[in-house]
Every structure is written in C-alpha cells, then in structure tokens.
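Next up is a structure, given as structure tokens.
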Amino acid sequence: MSSSDNWRQRLYIIIFHTDTPAGQRFDNWLLLTILASLVVVMLDSVSSVHDQYGSWLKALEWGFTALFAIEYVVRLYCSPKPLRYAFSFFGLIDLLAILPAILALLFADAQYLLIIRVIRMLRVFRVLKLSPYLRQANFLLTALRGSRQKIIVFFATIATLVTVFGTLMYVVEGPANGFSSIPKGIYWAVVTLTTVGFGDIVPKTALGQALSTLVMITGYSIIAVPTGIFTAELASAMRGGDQHRHDCPSCAKDFHEHGAAFCSRCGNPLFPRQVDQG
Amino acid sequence: MSSSDNWRQRLYIIIFHTDTPAGQRFDNWLLLTILASLVVVMLDSVSSVHDQYGSWLKALEWGFTALFAIEYVVRLYCSPKPLRYAFSFFGLIDLLAILPAILALLFADAQYLLIIRVIRMLRVFRVLKLSPYLRQANFLLTALRGSRQKIIVFFATIATLVTVFGTLMYVVEGPANGFSSIPKGIYWAVVTLTTVGFGDIVPKTALGQALSTLVMITGYSIIAVPTGIFTAELASAMRGGDQHRHDCPSCAKDFHEHGAAFCSRCGNPLFPRQVDQG
Amino acid sequence: MSSSDNWRQRLYIIIFHTDTPAGQRFDNWLLLTILASLVVVMLDSVSSVHDQYGSWLKALEWGFTALFAIEYVVRLYCSPKPLRYAFSFFGLIDLLAILPAILALLFADAQYLLIIRVIRMLRVFRVLKLSPYLRQANFLLTALRGSRQKIIVFFATIATLVTVFGTLMYVVEGPANGFSSIPKGIYWAVVTLTTVGFGDIVPKTALGQALSTLVMITGYSIIAVPTGIFTAELASAMRGGDQHRHDCPSCAKDFHEHGAAFCSRCGNPLFPRQVDQG
Amino acid sequence: MSSSDNWRQRLYIIIFHTDTPAGQRFDNWLLLTILASLVVVMLDSVSSVHDQYGSWLKALEWGFTALFAIEYVVRLYCSPKPLRYAFSFFGLIDLLAILPAILALLFADAQYLLIIRVIRMLRVFRVLKLSPYLRQANFLLTALRGSRQKIIVFFATIATLVTVFGTLMYVVEGPANGFSSIPKGIYWAVVTLTTVGFGDIVPKTALGQALSTLVMITGYSIIAVPTGIFTAELASAMRGGDQHRHDCPSCAKDFHEHGAAFCSRCGNPLFPRQVDQG
C-alpha cells in the first residue's frame, strides 16, 4: 500500500467516520462551521446589519464557501467510491451548500440564490447521523413508519374537517368579515383547528362564533389522536415488536408473546427448570 | 348468464371493489376527479379568479357534474340491489354531489346551493374505505368507541368550565372590555381554554388577567386527559387486534395469541378436553 | 308502613335513584330543565335580546326558579335524612340554584346575584353522577389522584418558569413595549408558555423575540410532561394497580406481578398444571 | 456534648431536615415568607402601587431581607460543614436571595439588581426538595434523562424546520408583510409551529398562507413526538421504581419484583447457587 493510499484512507476515516478521536474532533468543528455560516446568512438578511457590516459578512461568506468547497473536494478525493458519494443524499446536500454561494458571488444578480445556502442546515444531520443518535432517530422513524396508515387516515379526516368548516364559515361570515373565499376559510379553519389562532381573521357573527367554538373543541380534542397513535407505536418499537423470538425446546414454534412462560402451542415450558436430580 | 349480465357484474367489481387492478385504477381516477372538482369549487369562490376565468370554471363544473352523474347512473345500473345502494350513506353522498350542481346550473338564483358541492370531499372516504386503510380506521374508531363514556365526562367538564369561567369574565371585565354578554364570555373561554387565543377579545383588568391565567393553565393541563384516555384505549385496541380474547380456565390471563392451544402463562390447555371419568 | 311513607319512599327512589325507568325519565327531564334555565340566563345577558324579550325571559326565570324550589322542597321531604341532604355538596348546590334568583327577583338591586345562577351548571353533574358514567369519572379521578404529587412538582416548575421568564421580559422589553410590570410580564409568560398566544402583548426587541422563542419551545415541549404523567397513571388505573392478588399454592406470598407464572419467592408454579395421572 | 452543640444540632435538624414536626413547621413558614417576599417584589414593579405604597413596600423589603439574612447566618452557624453548604447549589441561591437586596438598598442606582430577587423563587424548590415530592421529581428527571438523545434529535429537527420555513417565508412574503429578515421569519416560524400564534406577524399572500398551513399542520402533528417519547420513558421509569433490574440467567426477563428469589416467568432461581461438583 503506497503512502498516498495510506494517507487517503486515514483522511477517509477522519472525515466519514466518527469512532476515532480525530473523527469526532472533525465532526465538532464541522458542526461549528455549519452553524457559524448559517449565522452569517441570517445576519446578512437583517438590513441594519447588512448596511453596516455587509462587506465583512461577504468576506466571511467567501471564507465559509471556500472551506466547504475544500471539504467537498477532499471528500471526493478520499472517498473509495467518489461517484457514489457525489450522488448520495448527503453528497448532493454538500454540493448545494457551496454551489449557490459561488454563483451568487460571481453574478451580482443571482442574489436570491443565496437563500438556498440555508440548505446547509441539513448538513447538521450528517454530523448527527454519524453518532449514537442514529439509533434513537431510528426508533422515531420506525414508530412513524409503523403508524403511516393511521396517520394518512388522520390527515384525510383533518383535510375533510378544514374543508367543510372553512366552507361553512365562508357561507356564514362572508367576505365582509374577512372570509373572502373558500381557500381563505380553509386557511382560517387550519389556523383554528391546530389551535394556532393568529387572530388575523376572526368570526364576528354569533353563528360564526358558535361554529368556531365547535372547530376549536374539535381541534383541542383530536390532537389526542396523533399523540395516541405515535405513543402506542413508539412503545411497541422500543419494546421491539409484539413478539419475541425464542425456539420452543419441545415443538417448532419460534415466536412467542412477551413474557410467555409456556409455549402456546404445545404447552411445554419454554425455559425448563434446572432441577438437581441426585 | 347473458352477456349483459356478465358485463354488468364486471362493471360492479371495477366500481365497487378494489382488489382488481382495474378497480384500483378506477379508484385512483375517482380520487383525482373528486379533488379536481373541489379545486374548481374553491377557485370559483376567489373573486379575482371568478371574474377572470368564471366561464371556464363553469364549463369545468358542467364537466365534473356530468361525470359524477354518469358514475351515479352506472352505479345504480350495475349494483345488484340498486335501492339499497341509493339509500346507503355513500349512495346519498353520491347523490348530493351532483344534485346541487344541477339545480344551481339550471336556476341562476340557487347559487348558494353550490356550496353543498363541498360535500364531495366526503366521497374521498369512499376511496379510502375500499382499501387497507379500513383496518387502521377501525382501530381508531374502536379506541374512540371504547373511550366514549370517559369522553362524555370530559366534555361535560369542559362545558362546565367554559360556562363558569365565561360568566365570571363577563362579570369581571364587563361589556366595556368586549365581554358584552355571557355567550361572548363563553366564546372567549373556549378560545382560551383550547389554547387557540385569537386575541380578538382579551382581558384588560388585572383581575381579568389573573383569572385568564387560571383558564390558560387549566386548558394547558387538561389536554392531557383526552390524550391519556385515547392512548390507553388505542394501545388496548391494538393489542386486541393482535391477540384474541379468551379467559384462561386456570389463571386470569384474558388475551392470547391467535391459534394458541395452551396458556402462555400457566401452561394449562385453554380448551380442556371433557374427559368421561368412569 | 303508612301509605304516606310508601309514597315518600317511591318519590325518593324516583328522584334520588336512577335504576328505575321512572327515575331515568326524571333525570332526563331535570337535565333538560337545567340546560333550558341556563340558556335563559345566557340569553338575558345579551343586551339586544334583553331589550326585546326581557319580560318573557323574566317570566321563564320565575317558572324555572319555582320548579327548582318545588324540587328542592320535595327532595327535603322525601329524603330519609333531610339535614344530611341539605348540607351535602349537591344539597348546597341545589339551594344555591334557587336562592340568588329569589333574592334578585325580590330586590331589584341584587341584579348581579343573578350571575350565581350559572352555578346551576354544576347540577348537570348530579345527573351524570347517578349513571354508568360514575365509574369512568372514577378512573379519571384515580389517575389524577395517583399523579397528584407529580402534578404539584410540575405546577411548581411552571410557576417558577413563568415568574423567571416574566421578570426577564419585563427587564428586556420594558413598559414601552407593553410589559408595564412584573405581573404583566408573568401574564404574558403564561399566555406564551401555554401556547395560547393572544397577541395583546408581543415582544418588539430582537432580544425579547429570542427569549420568546425559548419560552415557546419550552411550552411546546413540556406539554408532554402532564400528558405523560396522566397517560401512565390512567393506564395503571385501568389495569388495576401494579400487582395482582393471587395466593401462591406453595408459600404465603399473596401479591404477584402481572403475568407471573411462577412465585418469585419460592419458585413454584402459581397455577399448577392439571396432569392426567393414570 | 456541650449544651451549645446540642442546641446547634437541634437547630440543624429543624432547618435542614423535614421529618420532625418542628422541621415541617419551619418549612411551611419559610415557603410563606418566600412567596410573600416575591409578592412584594412584583407589587413594587406596578407603577401605580409603587407610587402609592412605595415606602411601605421598601420597609417590608428590608424586613424580608433581614429575615433571609438571619436565616442564612443561622444556616452557616448550625451546618456541620459550613463551607460545603455555602458553595452548594442551594447555598448560593440563599446568598443571591439577600445580596442584591442589600446592595440595592444601600446604593440607590443599583435599582435593577432588585430584579435578581426573583431568583428567590428557586428557594421554593428547597422546600419541595425536603419532602416526598423528591421521589416524584426523580421519576420525571429519570424519564427526561432516559429520553435525552431522542429529545436532541427532536430539537435538531425542530431547529431545521423553523430555519427552513422561516427562510422560505422571508423569501415568499418579504419585508413588506413584516418578514423583515430571516431571524424574524424564524421567530414567526417558532410562533406558528409551537401553535402559539401571536398574530403580530401574519402571512398576507396566498402562497404564504398555503405555506403557513403546512407549518401549522406540522406543528400540530409533531407535538405527538415529545409526548410519545416522554410517556414511554415515564412508564418505563415508573416500572423501574417498582421493579428491580436484573437479567434472569435462564430467560430474557430483565425486570423483577423487589426481593424476588425466582424468576416469575420461568421459575428458575435468579441467583443460582454455585454448587461444588466433585
């Protein structure tokens, strides 16, 4: 193995893995750099800050973009399968983190592209991914996947409720009270059902307020549904499924209830007692 | 069997069932048509869109109504028991989806009937009904039905709370601060207890604000009650789906795996053989 | 037993019990009368209704008060222990439901006493109490009682959070932005932490908005705490305690874990298998 | 043991412990004094009260500060290890409860230091700590600690969501509609996602309202995640309180009753005796 290959592999472990101290240190610095670059993007959008420190922020932006560009090139260089990396989810995010900045810095009128730099936020998950957090995120995803169908039924119900309530409010309150169209009524119904309650559109008539009361009580109550679904699924995911794998010593049944002491098929004990026979 | 009968039965399977590829394709197209017709209804309520594309939308509306009318006739034709279909829940929804549009298109002054077309949204559930979602929706309904009595107690408590708090606020704040009557006070109490908080009526006096604090803390805390009820019931419903209720004759275990012959807790047979002792 | 005593006892069963058809009919009528009298109280507070139908409502009010007074006297008459009834919780509620109305109808300037009539709402629970709902309400109360200490810790935390955040916002935003005193700041903190968000007082400075973000995220997250507490307690209350009473056939241990197959003290099976010995 | 030492020890037990009647009485009085001093701090911040009763409140403030100072000195005196107390968490809180008041009463321009007196609120937890509430607070802390990693993943997701949504709204709505910078957009996204909904900044464009709908539905749904996490962990922590963790050497059961000698599932001894086989 050549010394260059050796160096490349060590770089690969530092950049892509997280189990070595050097890899962890790299991840921490990367996290800090991503967050710092996001702060620069945000500050730059505040007009008073932009007017006063605009050129400083631009310089910092150049710096961060350069850093990310170097990181991208190094990742491409040390990755054993560069193309696979380049077209992976995080590879594309890495590219999107530098491309718009380069374009915007070159062409003055591509200013709005700068906003895409916010996508750098997603790079935070790259750091989280390579960590013990992955297992926890997996629990959450398993629970969400397990409750997918229930969640679709729930969202279809929500969509129907806001459509019907929004239309009713449009009829009851009318354009004079701010409910100028059915989509606006639906917007109001979502604001109310989710208990956000901006207050930009509010019912003025007695009938409208009575109907709102119904929408609010509904929204307040059905929040229990996704919570119940998710809690039940998460508890099941944490427990690791409904059944437990253990071969019955007497028959061929290999999955049993949690806490089963006897096989439910042959009735023999799953864990025979070790008797002193003497 | 005549060729007409054969054709009618094939239509019936496509339209009413969902297990064949043709049936699934029909369902998908129906879902798309329903949603498209809803979009037309909504867009038509936006005055700027109505002014500009009013005639186009009217034409589309004619089209969708014609489609739904044809579908309704075909459903009546191919259904083995047309009357039973016509008076079923979904049969009436199907009729309501075309009737107001026809009336409104014929009589110009029946314009407000058009709103009833939003009821087409309910037809979405017809598509969901004929699908694996049914089982999931059933879990949710079982959980809701199981917690019916607890939910009634909960709603009676909520109703009492908002009545008492609404009246107190009416006394404390008075008409000068927007609490012009007890129903208005109750409307405010619902807005606050459900944590919606529009802000159209807010307490101005110190005593009113202290009382509001109490209402808000109450609302924030008792949301736990329906959630707890529903979660506990749903977990039980989900367990009931995987397991089978049967009291073990030897111990108290009352839920067993499907197909269990012996109790997994005490190892005794679930269905003891009645032995002739002689 | 005299015929008068017989009549008195039958009245007692109708009025105080709910298991006979007559008793249930009485309860239903009582519920309707209570709700109708509440509607009259509410309508009377709406100034436009009061101006137009004031005298009608007053007449109805006289009628309801007379009905409740008669009911109260009959309850006193037929109750086996009249004094005990008179000083029980529901006895006092029953008295409060008629007293203010009588006072207010006699003395014109005791108008505000009328508001106390809203206390009639509590009589609804008398009807609920005598019904299968009692058992469900009991589950809820058991769960609440079981989590009492946890809930006190939770409320102490909430109180500390709103005090500290309210004071901080008073310092950061100051009277110029509506945070005119610490109690006002605490009122705002409650409005925000409970996710009600009226919008009557909102942060204007950047630091205030950053701090608000913290308050909102906190409020959004800790809602999980009472929900979690209550759900866990309710599940436990529904399951009926953590342990199960069953005498071990071998030793004296009489409480065992749920689902225990063997005694955890002597290791012998709790439910010995019925072996055919032949 | 000298009489002074005896006296000191009795003081120590009264002040630091809570199991004696005298200790409980001391705790109750301390709680009342802390809350009363907080009420004085709050009332003093209300300008109308300050103008009228300013000198009275100042006198009361002197009184409370004197009381707390005496208490602090007595605690130092009777504590067996004064330095350890002085630098403990509650020792520092006790000092902070008197220091700013003394400074502010001596130097007129240190007025803002008075706000720090709100920190006295934390002393309430000293009283709670020495009580059966400790065990309950421990359950909550165990549950929070157990779900730490899941909560970090959840907060990282929330942070990403509000950053991306806030930036999108800044682009879609722009400064003309109140979204004057990305941080302001993020502030709005937090207000909306947490369902607070102040209404100080609201979307005005159709696209902005459609996007808001998405944010609100997201916020309404993902509240289920921390609730589910916490409920599952709390249930586990409560089980862990009643049961004891020990892996059964024969089967997979990992939680057992306190004092269990045999596994309640397989009946084998939990702690097998090491037999000399010879």
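Letters A, B, C and D name the chains as they come in the text, with residue numbers starting at 1 for each one.
Definition applied: a contact is a pair of C-beta atoms (placed from the backbone, for glycine too) under 8 Å apart; a residue touches a chain by one contact, two chains touch by 3 or more.
Since we're looking at a predicted model, the values are computed, not measured.
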Practice item. For the copies chain A and chain B, give the interface type as same if over half of its residue numbers appear on both sides, and as different if under half do. Key: different
Point to revise | Relative to chain C, chain with the most remote C-alpha centre | key: A
Check your understanding: Thinking of C-D, which of A-D, B-D or A-C forms a repeat of its interface, with over half the contact pairs identical?
Key -> A-D
**Study point:** Chain centre separation in whole Å, for chain C relative to chain B (CA means)
**Key:** 28
Exercise for review: Give, as an integer number of Å, the spacing between the C-alpha centres of chain D and chain B.
Suggested key: 40
Revision key, fill the gap. Chain D touches at least 2 other chains through residues 183, 186, 195-199, 219, 223, 227, 229, 231, 235, 263, 265-268
Study note, to complete from the structure: The answer for chain A against chain B in the complex is residues 149-150, 152-154, 156, 159-160, 163-164, 167, 170-171, 175, 180-183, 186, 192, 195-199, 202, 206, 209-210, 212-213, 216-217, 219-221, 223-225, 227-229, 231-232, 235-236, 242, 256-257, 259-269
Study note, to complete from the structure: The chain A residues in contact with chain D across the complex are 38, 41-42, 45-47, 112, 115, 118-119, 121-122, 124-125, 128, 132-133, 135-137, 139-140, 143, 151, 155, 158, 183-184, 186-187, 190-191, 193-200, 219, 223, 226-227, 229-231, 233-235, 238, 244, 246, 259-261, 269-271, 273-274, 276
Study note, to complete from the structure: Per the touch rule above, chain B residues touching chain D in the complex are 195-199, 227, 231
